[in-house]
Amino acid sequence: MAKILMKGNEAIAESAVRAGGLLYFGYPITPQSEIAEYLAHRMPEVGGVFLQIESEVAVANVLYGAAGAGARVWTSSSSPGISLMMEAVSYIAAAELPCVIVNIVRCGPGLGGILPSQGDYFQAVKGGGHGDYRCLVLAPCSVQEAVDLMPLAFDRADRYRNPVIVIGDGMIGQMMEPVEFTEQQFPPLPPKDWATTGCQGRKPNVINSLYLDPVEEEKLNFKLAAKYEQMKKNEVRYEKFRTDRELECLLVAYGTTARVCKTAIQRLDDEGIPTGLLRPITLFPFPEEAIYELSQRARFLLSVEMSTGQMVEDVRLAVGRSKPVYFYGRAGGMVPSPEEVVDAVKRYLAGGDR
Amino acid sequence: MQIETVFAGFGGQGVMLAGRVLAEVGMKLGKEVVWLPSYGPEMRGGTANCVVIIADEPIASPIIAHPRDTVVMNRPSLEKFCPAQKPGGYAIVNSSLINIRPDRDDIRVVEVPANEVAIEAGSGKAANMVMLGAYVGVTGIVPVEAVIEQIKEEFQAKAKLIPLNITCVERGYDIGRAAAGYCV
Amino acid sequence: MGRKAKVTIEKNRCKGCELCVTYCPKQVLAMSREINDKGYFYAQVVNQDACIACRFCGMMCPDTAIEIAVEEPEKSEVKADG
Amino acid sequence: MKVIFRRPESLSVTPTHYCPGCTHGIIHRLIAEVIDELGLREKAVGIAPVGCSVLAFNYFNFDFQQAAHGRAPAVATGIKRARPDLIVFTYQGDGDLASIGMSEIIHAANRGEKFTVVFINNAIYGMTGGQMAPTTMPGQVTTTSPRGRDVNDVGYPIRMCELLSSLRTPAFIERVAVHNPKQVINARRALKQAFIYQRDRVCFTFVEFLSTCPTNWGMSPVQATRWLEENMMPYYPVKNFKTPEFTEGQNAD
Amino acid sequence: MKVIFRRPESLSVTPTHYCPGCTHGIIHRLIAEVIDELGLREKAVGIAPVGCSVLAFNYFNFDFQQAAHGRAPAVATGIKRARPDLIVFTYQGDGDLASIGMSEIIHAANRGEKFTVVFINNAIYGMTGGQMAPTTMPGQVTTTSPRGRDVNDVGYPIRMCELLSSLRTPAFIERVAVHNPKQVINARRALKQAFIYQRDRVCFTFVEFLSTCPTNWGMSPVQATRWLEENMMPYYPVKNFKTPEFTEGQNAD
Amino acid sequence: MAKILMKGNEAIAESAVRAGGLLYFGYPITPQSEIAEYLAHRMPEVGGVFLQIESEVAVANVLYGAAGAGARVWTSSSSPGISLMMEAVSYIAAAELPCVIVNIVRCGPGLGGILPSQGDYFQAVKGGGHGDYRCLVLAPCSVQEAVDLMPLAFDRADRYRNPVIVIGDGMIGQMMEPVEFTEQQFPPLPPKDWATTGCQGRKPNVINSLYLDPVEEEKLNFKLAAKYEQMKKNEVRYEKFRTDRELECLLVAYGTTARVCKTAIQRLDDEGIPTGLLRPITLFPFPEEAIYELSQRARFLLSVEMSTGQMVEDVRLAVGRSKPVYFYGRAGGMVPSPEEVVDAVKRYLAGGDR
Amino acid sequence: MGRKAKVTIEKNRCKGCELCVTYCPKQVLAMSREINDKGYFYAQVVNQDACIACRFCGMMCPDTAIEIAVEEPEKSEVKADG
Amino acid sequence: MQIETVFAGFGGQGVMLAGRVLAEVGMKLGKEVVWLPSYGPEMRGGTANCVVIIADEPIASPIIAHPRDTVVMNRPSLEKFCPAQKPGGYAIVNSSLINIRPDRDDIRVVEVPANEVAIEAGSGKAANMVMLGAYVGVTGIVPVEAVIEQIKEEFQAKAKLIPLNITCVERGYDIGRAAAGYCV
């Protein structure tokens, strides 16, 4: 198939449709409304469901219902809208329902602004809702990768019976890049025999997250914890860039900032400062081991984010105190430039401001 | 090689489309491309702009602090973007609406009376295509034929607009070619 | 209503929506052929004498670009239509 | 001997955790009876709210989902849009539906989602121990209105049937009660009608049940039925508010 | 010469970011005029929604809070309960108030919170680029109803005045329009009335403005005023729905 | 004043009233409804406002409004209810408004159960809402401490213009203990001259979190980040228990589990295994340095939680890889017993299951 | 309605709410003086012969503790009151 | 020294109040105390229980897996709590409703026909006070006079219930005292 030039938001929508994500419920919010708008056209063509719901609170609960009835269901929103879903996401995780949630992050906190940001890292990765649960979090850095990760997101959601968050930023959503839709193959999934589809020929199914007996509730908690351990074992994804050498500095960055870092690395190479990048593709599970390993080859690490410092904590957790871990961040819609990253690296190299 | 071009103007002047056409052409020529709109607060009423990147290698950062080239269709755009251009880049300036020049001697400036040319060709709305044509003419970044092919595809649904837009690209291209000599 | 009125339109506040022009009952106003600093064709007074100081133009202007004055002071002065 | 009254098949044998004389139990039975009678058990999906009926999934013999507080109509929307062939109903208390879930019920009703809402108005928050509900009567003492509901401070009780009836889309809306046999018979009729409309994909269907909460009203079950009759019925008239006009033919079962 | 019409004091000089001919601007001016006229500027607190009017705080000359999407009535409740002496109004679009904020507006109205709601019904989501609102007309094309609003799928437009009027507590509810001078005059009267009732602590007050969105309706501002008149007015009748009966004496200013 | 026996929830309510928290808005939820019920009686007596609001989503936005109008305002809820407040909490933090939020945590995720839990640590500490913001988080371990921390919570909320979360669990809320209400003195607070109280005699005030200009938004983000750094400097609170000696193990635990740990330590002492406890009282800011310091005296650390492992990450961040940090957790309403803690310590001492 | 009816109350399902007793039109039922396994005074049949098989007791029982049978089979059998 | 006591029974039997009275008394005697109700799912309809801890030192963990003593008013409570008691503890068993005994020989069991005693004193509802009195009588954990003082305070608002409750405490106390001999 020839490549076509597509806006990130639309490409995500198309990829989801092709992956069988045929039920979409959403509520408009910049910078991702094109997803809904695209699907308003597209879903009727493929016999899917597009429905605008009254609020993000409701959207997430509609997902719960539809997922519980066995559908491949998804939504998309941006930061404040995602915050409104927190209760329901916690329910979805607790009831072990599969769904995909795309967060095209904008600046916060509060109403903030509509420019790109990575300020929702903690919310996505540590679980912004109540209780012990985790979402699998995928962070594409290009339109093509967003397209490629959507089928994976649906597959893993079904496989783990767990919400999967695809986290982008306004840049990924708004940017056009050439994309190709290739069909991905996954091992067969178990039947959704737990879904509430009418109890003909079987015992009634119940979708539930209430366990008044602490023994039962603890069982659920430990079961979920075990599932997240499974994810940590099997789902870690990352990209290494110019790391096959001794490094002055290992950059860690995801999404848009990772691309910025690549340019910075090229420039640093020009200046004879060997630098590498570890780009987490899964934010949860976090590529701890890979970072730890690479960290041993670098004099220090620098986490580059569009935030005031979130992922850096996970980098520090990965590295311990074995190597210094620094942070460079811009916020509020400001995107770090490659020059800034170059400068930051040089500053720390010189024993800079820390 | 990587060339970054900012297309900027009033909302409604069609800078987003002009940029997109260039990006499509780049892609079809097998290049790496990115088209990145600004979708900030300036969206409503104010200025609009997009960046097109065309490169031989995969494009790392889509955020361009210093684009090589600019195609500016109104004065605020010139004031905002030309100062940030890389030395040696090109600035295509819509002289129909801009009566100043970028205050730099290290970039190559081409003035194009895009609105006049477009009005003459049939509609002032196609001034963006004049600018695009001129840009292609000056820089040779892509073959003008490819641009014309893309225009045909782009306006498929509104076929009667195709001739006008092609004419505008061609006239802009000619202006660009002519200028290429002196501006280099 | 026979008193003399003066309608002033702040050119660079005007966004050229034509609501004042459309809803003026006396065709006092018309759109310009030039654009203002914001790039809009703006409304202007073309027939001041016909104005009956009904204030409709002011009431319809979303951008408070219009001020209306009359020759003699009235009782309810600044009140627009209360 | 021929059994003329027994536990319906759709109701499980599990004893409920409801307090003695709580009419939640009566309403459960009515739902089960209607679903049995219409032969819908194997297509049915109930949605339990957060409230005293949170464990409803234990009491019915068909599929169930347990929804977040107030969001049952959103959950039902999801199920029904995913599987329009299923028979879906929400079972919601007045705190659940009329307080925290106001937005969800109004919008589901207004979209005309084709499921059935069973709304239990007992004028109080039962499960959490007797706090004021939007439906609490003027002057009624609750744990959060210890001096009685003051309508000057918190307004008058919300009448959901009246509120929803003012929307154009929702087409079957009725209020019933279950505090004596006559009311129970009437309630059953209305409920059945609602499920028929749903089955035939006619419209959104809403049945409000006036219900008792002897425990939090602080009276015996029998007193509670009388309190309901004397205090709630005048403010909450039991009647049909809306019936789809265009479907007379389908009314018969 | 004596000025008989000018920018009211409560309106700041800052030019708005609204599109040409958007009637948000007219409504802003009316609010400012009424507040000036009643001498309330120094006690006024406005609440900006999320929507095209999110920056309203830049356009008025008094205190403002910017609220989360749909929650302005909750924010107003907080302000008014903290400081009952202040004059508080929310300014909310139809997406804000009738979609995501449905619960907040209904409950604030039903508690009888004594603030004023200025509700801008332009049948669309303006700020986010023209998606369908709960108030979008049947058949109306929007970016999320590209084939026109299908009432069989998403129901009929919600009429907020009618909905709120079905509640007992809220006492002043009126719908007005601003698409021609006559309507503007009437709108101003209603708005003033609302603020008077608030000032006198009589009741919750709600004024719905039919408003245009030339940009997302895809027409010129003048066309938009006509489209409103022809399409919206018949479905959204401009009239008073409720006036507190017990306070005739206080009506005069 | 003589001590009185009071239920945690009621004591919290009374203490808040005495601290001038005279506006309370809330929505019932177990196990903290007694707070609202107490205030429904109490507020009218002291001329305060008690108002039951329709939902937690609305409650948090009512707080925003009232706080913006200059009031000392607060609420309380439990886990799912807190999740529903996430958008507004992010707004409150962004608009720099003071308020106090009491979370009597119950088991999650989802509807979970009503028994005690510490599963909302991440949400409270990392910020469950979108964007870069933090709340000051106070974690009492007894009814008396809950009483003592409420005035501090209000003071710090006002001082930092930031939401303060007081995090308890069902145990703290439901338990009765003797309490004494003592008046606390704080340095004078600056006037709330930013509040929207009518613009008489001054320029209009605006309460806002929207900054479309990224330069402005970034300024806000950095300003907030600086504020959180201030908190880290000035607000860290913790208790040390039997740590003035060489330790086999340093336990880290807060709230109810800290009390369990104290009993465990007594038993371990009986067995000649010197063990200490660091009990964070502020969860954010986290007593990193104190833990690091003490960790150097211990062979290993054990984080004891009623969760499947949340605070343990912050303990690891504090300690780096310099000492092993283990985790012992119960969940779902199960409370670890002192015996279990003793066993866990001994297990790890023996080079146990890790 | 004159046919013979048999009402059975499942003793240990009964929560002693008295609704059946209260709403039986024929005083067929009464509360026990003993408690059942759950600790409730339960309803019992004390005057079976008076029963007219109206099913009111069953309809009012929140705990489906009541079963009603009649001697002759009827047309609409298990239907309670449809 | 620290003594933990579980009060358990049906909801409505007044075990929470009995426990609270003991805790209040302990506090007024200058002891450290905790009263911790179970507020689990068993609240509605099922069993109710609370733990009272009275100690000389600050109370570390309020969670008691193995209480020293139990005051059980119905059979499920006995079955649930007595097996977990510490050896050497006391179990006060309401023999009016419980016809079994804890299956242990390492704790001291006192049977009290609490309902009968209370009914005789005027109302079966005060059986909880009989149990409390008996517990105090057996263990001497607090002086019975202090309990009686507390009862007076507790029922201040319903003064006419005071005599009944005091009588019940006293009768229970007597039973407890008498049993103290043989059960120790």
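Should a chain be cited, it is by its letter among A, B, C, D, E, F, G and H, assigned in written order, with residues numbered from 1 in that chain.
Throughout what follows, a contact is a pair of C-beta atoms (placed from the backbone, for glycine too) under 8 Å apart; a residue touches a chain by one contact, two chains touch by 3 or more.
The shown structure was predicted, so the numbers you read here are calculated from the model rather than taken from an experiment.
Asks: Identify the chain pair with more contacting C-beta pairs: D-G or F-H.
Replies: D-G
Asks: Which chain's centre, taken as the mean of its Cα atoms, is farthest from the centre of subunit F?
Replies: Checked the centroid distances; the maximum from subunit F is C.
Asks: Please work out the Cα centroid separation of subunit B and subunit D, and write it as a whole number of Å.
Replies: Spacing between the chain centres: roughly 63 Å.
Asks: How many angstrom lie between the centres of subunit E and subunit G, each centre taken as the mean Cα position?
Replies: Those two chain centres are 58 Å apart.
Asks: Between subunit E and subunit F, what is the gap in Å from one C-alpha centre to the other?
Replies: So the centroids are 40 Å from each other.
Asks: Taking the mean of the CA coordinates per chain, how far is subunit D from subunit E in Å?
Replies: 34
Asks: Considering subunit G alone, which of its residues make contact with at least two other chains?
Replies: none
Asks: Listing for subunit F: what residues touch at least two other chains?
Replies: Answer for subunit F, listing residues that touch two or more other chains: 30, 51, 54-55, 57, 80, 87, 91, 95, 110-111, 113-115, 208-210, 212-214, 333.
Asks: Tell me, which residues of subunit E touch at least two other chains?
Replies: Expected reply: 19, 54, 66, 68, 99-100, 102-103, 107, 134, 153-154.
Asks: So in the complex, the part of subunit C that touches subunit E is made up of which residues?
Replies: 6, 13, 15-19, 22-23, 40, 53-56, 58-64, 66-74, 77-82
Asks: What residues of subunit A sit close enough to touch subunit E in their complex?
Replies: Against subunit E, subunit A makes touches at 27-30, 33, 36-37, 40-41, 44, 50-52, 54-57, 80, 110-111.
Asks: For a test of understanding, state which residues of subunit E touch subunit F in their complex under the given definition.
Replies: Touch list, subunit E to subunit F: 41-45, 47, 54-55, 57, 60-68, 71, 74-83, 86, 103-104, 107.
Asks: Spell out the residues on subunit A that touch subunit F in their complex, using ranges where they run on.
Replies: Residues 57, 79-80, 82-84, 86-87, 90-95, 105, 107-115, 117, 119-120, 122-123, 126-133, 208-222, 224-225, 307-310, 313, 316-317, 320-322, 330-334 of subunit A touch subunit F in their complex.
Asks: Quick check on the complex: what are the subunit A residues that touch subunit B?
Replies: It comes out as residues 3, 5, 30-31, 113-115, 170-171, 174-178, 256, 259-264, 266, 333, 335, 337-339.
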